[in-house]
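Right after this note come the structures.
First chain A sits with chain B, and in the next complex the same chain sits with chain C.
Coming up: the complex of A and B.
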């Protein structure tokens, strides 16, 4: 009996991590709408963000089926301290606001998007053999769609770093330097991580991280970057509810309409 | 009270009229979105597969299926459910569906990809093979934008969704 409830907790925790990661990642992507470097990119990154929101929604739906409340409520009506997303995903795109004087950094967007999409691909691959069958099924579908997301961000990453253009290369390097110190948060499985692994829900943090490094190393080398990849959780572990002011502000903005009438039917 | 016996063929006939809200020349049946139809008394259950999880048209399609089937006086309840498994793949699109896509100016998805993940389709208007990929991402998650250098028309293609990728 006790084991069973621990299993339920671990499944819900994992689903919240997956859902909250995709949710805030999609939100930050959506803030680029109309601001991407060119119109084709605007179409592409908006399409990816929309699809990613679909992934968040399906994870929230699985939580709904486990009695955690409906997807809209889970997405809009939880304070920052209850969110499980990795801190690196919540950080703002840059100074300013998408409505006024946005000074967003495309290099940071490319690096964060490529790193995250590659990490997500590895997690989703691991979830194929998840002992919780509904999640294993969803993972199959997500992986097929993710193929296109990953190809897109990998292309940007390689093209900007391989461009030989001084500004592009130096800004990309700065963005890598900004992303690495917090990127381990994406692999954190939080306080129930050991149970998740024991229960066969997903592979452990170290395994996932190793696979990620193996995946990005040849890409780093192809653009002449030294593949000394060191990641950490400088600002804390989002899985345990540690977050920055950036998340607080984002939640306030994205839930503004929902909060205006929580009973309304959309 | 006499009830008219419903049969699944009748339901499938009605589903022929439910089109993709964004491509009105192709039915949801020809897109391969309908996995199963069962009839029990006056209740109809339709099990469907989402093309893309992020597709905002899913709830519209669901509503359109309900509306279409409720035209039959013998139908009392319609339950439309999107399944998690199996995953929709682009090879589920029927020959009729592919023809319908071309009428709309969309090339049907290619059957396979090259080893590097690239793929090729011909122009849906002039059949020329002399085309370029402008954007893998298009106006909807399932479509890409291409350009035909022969007839100088922009056109779209359905992205291939294949299990092995």
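Coming up: the complex of A and C.
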């Protein structure tokens, strides 16, 4: 009996992590709408952000089915301290507002998107053998879309770093330097991580992280970067509710209309 | 451009061209066409294309704010479609621009300089979630009316692009209508969102179809576009079709239209309505609308901030 409830908690934790990661990641992507380097890219990355929001919605609905409350409420009505997303995903695209004087850095977008999409692909791969079957099924669907997302961001990553364009290369290196210190947060499984592994929900943090490093190392080498990949959780572990002001602000925007009348049907 | 060997040859070409469109044949990008035709198409299609792109901006504001997961997904899909329409149309325009050695970049510069205009509705503010719904319902609804009018356009590439665009616009109008219906069936406040939106957008929706004739704003391209079989109906006919389709619908939901004179005259079978302030079209054309400069500055911002990306992607000159 006790085991059963611990499993429930672990499943819900994992689903919240997956949902919150994609929810905020999709938001950061959507802020780029109309601002991408060219129109073709605007269309492509808008499509990726939309898929990503779709993934978040699927995870929230699984939580809904588990009795955690309405999916829309889970997405829109939880304060920052209850959110489980990794901190690196909540950080702003740059100074300014998405409707006024945004000073967004495409290099940071490419690096964060590539790193995250690769990490997500590895987690989703691991979820194929998840002992919680509904999640294993969802993983199949997510993986199909993810294939294109990963190809897209990997292409950008390699093109910009391999361009020989001084500013592009130095911006990309700076973006890598900005992303690494917080990126381990994506692999954190939070306080129920051990249970998740024991229960066969997902592989452990160290395994996921190692696979990720193995996946990106040849890409780094192909553009002449030393593959000294050192990631950390400089700003804390989002899985445990540690977050920055960037998330607070984002949530305000994401729930502005929802919060204007929580009981209303929209 | 197209210096003709002699007038006879030129006249013959023109006659052949007119005969082709009269016969309902499609003109393709590499076919000979009179300068007036090419120029008209370039203006029309580049303005249409850039309007799709500028039109994504007012809705963009409401993408993250959409109140449910499904609404978020719906509006994301719509904005993505609009950017896709812009991309498709700019490619059609670029092909037409080839003889002038102009490219996408030049179109963007024309936009920033104010030479390339974007559609009047996209100079307006989208102040609320009600506006986000109304844009889909009525602005896309109006766009469907004006674009289906060109589905049979004599210029093949434009007609084909419009086939795809119109099919997607139908989804946009449904998406908008679903938002409006939810609000209409909702609380007092939600209903007020819709009413405020109708009041704010009504004049813009009338302006959308353009002036009935030359005399309102001094120029009108509708005669040329009809002559070349790019479109069939006049601006006024399209506006009348809009009234016929939507006036009853709006009223039956219990909302009012901010025009006390609006009525259907049975004798003449036309809608009688308060003329909008046609002078506003000139204000928008000068980029002096409520949001003209903000939208342009977002576009310019993206263009300038990403200069390094375009440079890095440009083929290297060895």
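As a convention for this text, the second predicted complex is superposed on the first by the 266 of 266 C-alpha atoms of A that agree within 3 Å, B and C clash if a C-alpha of one lies under 4 Å from a C-alpha of the other, contacts with A are read in each partner's own complex, and residues count from 1 in each chain.
By our rule, a contact is a pair of C-beta atoms (placed from the backbone, for glycine too) under 8 Å apart; a residue touches a chain by one contact, two chains touch by 3 or more.
On a predicted model such as this, the values are computed, not experimentally measured, just so you know.
Asks: Based on the superposed arrangement, let me know which partner A:31 touches: chain B (first), chain C (second), both, or neither?
Replies: Touch status of A:31: second partner only.
Asks: Comparing chain B against chain C, which has contacts with more of the residues in chain A?
Replies: C
Asks: After the superposition on A, what does A:40 contact: first (chain B), second (chain C), both or neither?
Replies: both
Asks: With both complexes overlaid on chain A, does A:254 touch chain B (first), chain C (second), both or neither?
Replies: Second partner only, chain C.
Asks: Is A:104 touching anything from chain B or chain C once the two structures are fitted on A? First, second, both or neither.
Replies: The second partner, chain C, only.
Asks: Which partner does A:76 contact after superposing on A: first (chain B), second (chain C), both, neither?
Replies: Only chain C; A:76 stays clear of chain B.
Asks: Tell me the contact category for A:50 with respect to chain B and chain C: first, second, both or neither.
Replies: Both partners.
Asks: Could you pull out which residues of chain A sit against chain B in one structure and against chain C in the other?
Replies: Common interface on chain A, chain B vs chain C: 40, 43, 47, 50, 53-54, 57.
Asks: What residues on chain A touch chain B, complex-wise?
Replies: The touching residues are 40, 43-45, 47-48, 50-55, 57-58, 134, 137-138, 140-142, 144-145, 147-148, 151-152.
Asks: Can you name the residues of chain A that touch chain C in the complex?
Replies: Residue list for chain A touching chain C: 27, 30-31, 33-40, 42-43, 46-47, 49-50, 53-54, 56-57, 60, 71-72, 75-76, 98-104, 106, 159-160, 163-165, 167-168, 171, 250, 253-254, 256-258, 260-261, 264-266.
Asks: If you look only at chain B, which of its residues touch chain A in the complex?
Replies: 50, 52-56, 84-85, 87-89, 117, 134-141, 145, 159, 161-163, 165
Asks: Please output the residues of chain C touching chain A within their complex, sorted ascending.
Replies: So the residues of chain C in touch with chain A come to 53, 56-57, 60-61, 63-73, 76-77, 79-80, 83-84, 86-87, 90, 104, 129, 179, 182-183, 185-187, 189-190, 294, 297-299, 301-302, 305-306, 308-313, 316.
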